[in-house]
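Both complexes below contain chain A, partnered by chain B and then by chain C.
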Partner chain A sequence: MENYVQVTEIANGAYGRVYKARDLNHNRLVALKKIAVINDEQGIPISTIREITSLKSLQSFGHQNIVRLYDIFANYTVDRRTMDLTLVFEHVEQDLQTYIRNCPSAGIDTRKIKDIIYQIVNAIDFLHANRIVHRDLKPQNVLISRQGIVKVADFGLAKVFCENVPITSVVVTLWYRCPEVLLQSTYATPVDMWSVGCIMAELYLREPLFCGQTDIDQLQKIFSMTGLPDESEWPVNIPFSRSTFCQYTRRPVQYSEMMPEICQDGVDLLQKLLKFNPKERLTAEESLQHPYFQDVLPSEKSDNHGDVNGRQ
Partner chain B sequence: MADGGEKSKVVMPPVVKISAQQLIEDKDHWPEYLKIGKFIAESGIKLKLGSVVIARAATIYHRFYFLCDISQFDRYLVAVTCLYLASKVEDTPRRARDVITTSYKVLHKEKPILKVDSFYWQLRDSVVNFELFMLRMLKFDVSSELPHKYLLHYLKSLQDWCGESNWTTNHINQLCWQLLQDTSLLPFILLYPPSVIATAVIYLAVKCNNIEVPSEGSTKPWWNVFSPNLNEEGLQQLCYKFMELYDT
Partner chain C sequence: MSSWYFCSNEIVNSPSRSDGIEITAECRYRREGARFIMDVGNRMNLRYETVATGIVFYHRFYMMHSFKTINRLIGAAACLYLAGKAEETPKKCRDLVKAVRTILSERQMEAFGDDPKEEIISHERLLLQTIKFDLCVQHPYKYIVKFAKNLKDDRAQIEKVVQMAWNFVNDSLSTTLCLQWKPQVVAVSLLHLAAKLSKYNLSAAPDGPHYDHSKSWWQHFLPEINSDVLEDICLQMLDFYDKTDVGASNYNMISPPKITMKVPQSIPYRTL
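Showing the complex of A and B:
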């Protein structure tokens, strides 16, 4: 720990604080993320161990769109009931939220938008291929370097967080959450693709697509835009009935009207990402093949699975 | 853990720190080292943990043993913690109480079953605290690849290649699985890639059964399909080491 000198607090998120620090051993900037983990009578929770170890083993692939995890420290707190875990990540200058906020009033160049989305989907494809669901993809944890390289952060930690104590009272954002999670139905990798859809729309709109305040409010915002799904598509065994939302008749919103700059392929991709039924939603792998990305430069496509270390 | 709560000071024999390579080369060190591996395996089986979990526990033990000065620790506490941690890493968790009482019985066969009293709570606190200590020392690097999945893939390919009957009449699959399990008692995994260990295990099983793997005009021997840089001499040397396990 003595090898890191804290510079500033970057964020005080829902589940912990993030500090910018200087790594004296390697003379580089790092982001220190501190999480409190319960250490109960069964020791460290199995979810924490499994998520952190898988995070660690992913690093050996060196995927360029995934933020680097350099190191991990663990310390007991005074009462020994919780443990402080410090994750040392590479420091990236900017996140996508700041990037969108600071963009010129004319908007973000559509080629740039495509490039960013492509890199995000590329990262998600890599995570899903390694059986990791991000679960909390949002502009705040999509980082973008000065060179325009997108790096997805905080993947796989969502579960570590939610099973442990939130140490601040900051509310977790619902805006990128998919219907099946909001409806408390079962969910899997498609949750991340919904978030990708929300982020894609946000890049064109320069403001979030669905800004709900509560779970129900969020669902209402979604259905008012996508229309209420058919009875046959409504999940079973969930605490919400379809009739709760029956005022939202099927009236698909024209994305092209909301976002004048989006191309026809973009509209098609967006529609396929924001499908209510997770089984119909495009997967990351399928999305990469979508015509929307056809004119992404081959050089940007080359590092598809980031297998730079040549694992056997 | 070794000799109950009454233990206060046991004079440890002077320990010469050796590397994993030295351990593998010098059989004199084996009996002492294998004792812990066998303890892990026996406790693991009694806890109904699968082969992979037991190999995982052994691998964590190897890593810790050569990372730290093991003479500073009670080896049985280290071993029990490895088992407990491995059960979590492999998503087949066992309760701390089951792990402790079961391994206690394995270690102290003559003693009655451990009761949940203050001594038990001491043991449990030791294991839980030591788990965190190990994770810190190993920097959470406890899910490195094991040879098991390589073995399954290689066996499947070879079985398709050689024809099933040849394979099943000689129980090659079971033999390989058992061989692999036994090799996990020594820290081969720290010295060789998991794919090489899996290949060597198959090589040994195939040789023991006099099975000829057809090459069908290919210039490459079969093992180079799995481990391109491996020569037969290297394979044989590794297999000799495997076989020495059975004379110990």
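Showing the complex of A and C:
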């Protein structure tokens, strides 16, 4: 740890602090992410071990749209029930939130939007092919380098954090959260594709698509735009009844009216990403084949479905 | 990220050496720790991969800590405990303590203090800190099977060689081979040793018209490994048998050791 000199605090999020630091051994900038893991009756929780192990094994692929994890430190704390973990990630200049905020007033070039979305979907496809659900995809953890390379960060950590860290006063953003999570139904890889849809819309709009303050408010914002799903599509065994939202039965908003710059293929992709029913939502692999991306250069396309590293 | 492979010089100059522990004593502690992990693992019906992972953790751990500062029985128990989680075969710490008690004498249990469970859990933290979450460990077993599948016929002979090589892998866990060579390299070397002792010539099954007959069988699997490496590994293994009374119980166990890490039935070896 003595080989890292902290430069500034980048973020103090709900899950822990992030610092920009200089790695003296390699003379490079790094992002130090500090997490406190609460030990249970049986010591280090197996879920933490599982997540960190898969995070590490993913690194061996060197996927270009995934942020590099250089090292991990575990430190003793005074309190024997917690363990401080420091994850050392590559430092990337800018995140997508800042990128959107700083874009020229004319908006982001539509080819650039397509390129960014393609790279995000490519990263998510890679994670899903390796059975990792990001769970917390949002512009703040989509990083973008000076060369325009998109790098997805914080994948797989959402679970480590959620299960182990007491809720702090910092509010976790709900804006990229899909209906099945908000409704407390079962969920899997499609949650990330919903977030991709929200981010795609945000790149065209230059502001978030759904800005809810509470779970219910977030759902209301979603349904007011997509329309209320049919009774037959409403999940069973959830604490919310469909009638709670019955004022949102009017016709869905036209994305092409909201985003004048989006092309027809873009509207089609967006609609298929923002499907209420997770089973109908496009997967990452399907999305990469969508006509919207047909003019993405083949050289930018990569194989995400190779042999999964050694572990049986 | 850190590498867990060391040259022989680094192994000789381990932390225990700077703490005044003789190399022969360290070798014995490594051997005993490995045997202890196997015995406890077998008692708890853990899979051979979990046991082997625990032993690899143990060897790595004592490349960073001295046997003088960290009690080897507690260290070993913590390694097996963490291996259980890493290999998705978790056991309750209470049950681990129970299994340890059946193996160790009352006097040896004293090392675990008043609260053995807490002692193991706090050492698990130290272990994780030391091995930096490098929990995904590969073992030579699967390579033995993989390579054997691609050897030229005479299945009966090869089966015999594989069983012998498998036993060598079990015993190799008592040595520092896992700190020196990747599991693939240990696997070809121990297949080589088993074949030599069975007086059987292994040859790779030819694949395609470009099959190079001038190469040794193992070079078809690991082209970069030369015979010096193989011979060195075989010598280390033979040296181990030379110096060890393999059946002896070195930590005064109440019950005699029973090593049951045989080739598992589940490996579809015969069907090939």
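By our rule, the second predicted complex is superposed on the first by the 297 of 312 C-alpha atoms of A that agree within 3 Å, B and C clash if a C-alpha of one lies under 4 Å from a C-alpha of the other, contacts with A are read in each partner's own complex, and residues count from 1 in each chain.
By our rule, a contact is a pair of C-beta atoms (placed from the backbone, for glycine too) under 8 Å apart; a residue touches a chain by one contact, two chains touch by 3 or more.
None of the values given here were measured: they were computed from a predicted structure.
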| item | value |
| --- | --- |
| Fit or clash - chain C, chain B, common chain A | clash |
| Partner chain in contact with A:T53 - chain B first, chain C second, else both or neither | both |
| Touched partner set for A:I44, first chain B, second chain C, both or neither | both |
| Broader residue contact with chain A after superposition on the shared chain, chain B or chain C | C |
| Contacts of A:Y70 with chain B and chain C, given as first, second, both or neither | second |
| Contact residues of chain A, present in both the chain B and the chain C interface | 39, 42-44, 46, 49-50, 52-53, 56-57, 71-74, 76, 83, 312 |
| Interfacial residue positions of chain A with respect to chain B in the complex | 39, 41-44, 46, 49-50, 52-54, 56-57, 71-74, 76, 83, 312 |
| Chain B residues touching chain A - in the complex, by the definition given at the top | 84-85, 88-89, 91, 93, 95-96, 124, 127-128, 131-132, 135-136, 139-144, 193, 195 |
| Residue ranges of chain C touching chain A (in the complex, touch as defined) | 1-2, 81-82, 85-86, 88, 90, 92-93, 120-122, 124-125, 128-129, 132-136, 138, 142 |
| Residues on chain A engaged by chain C in the complex (per definition of touch) | 39, 42-44, 46, 49-50, 52-53, 56-57, 59, 70-76, 80, 83, 309-312 |
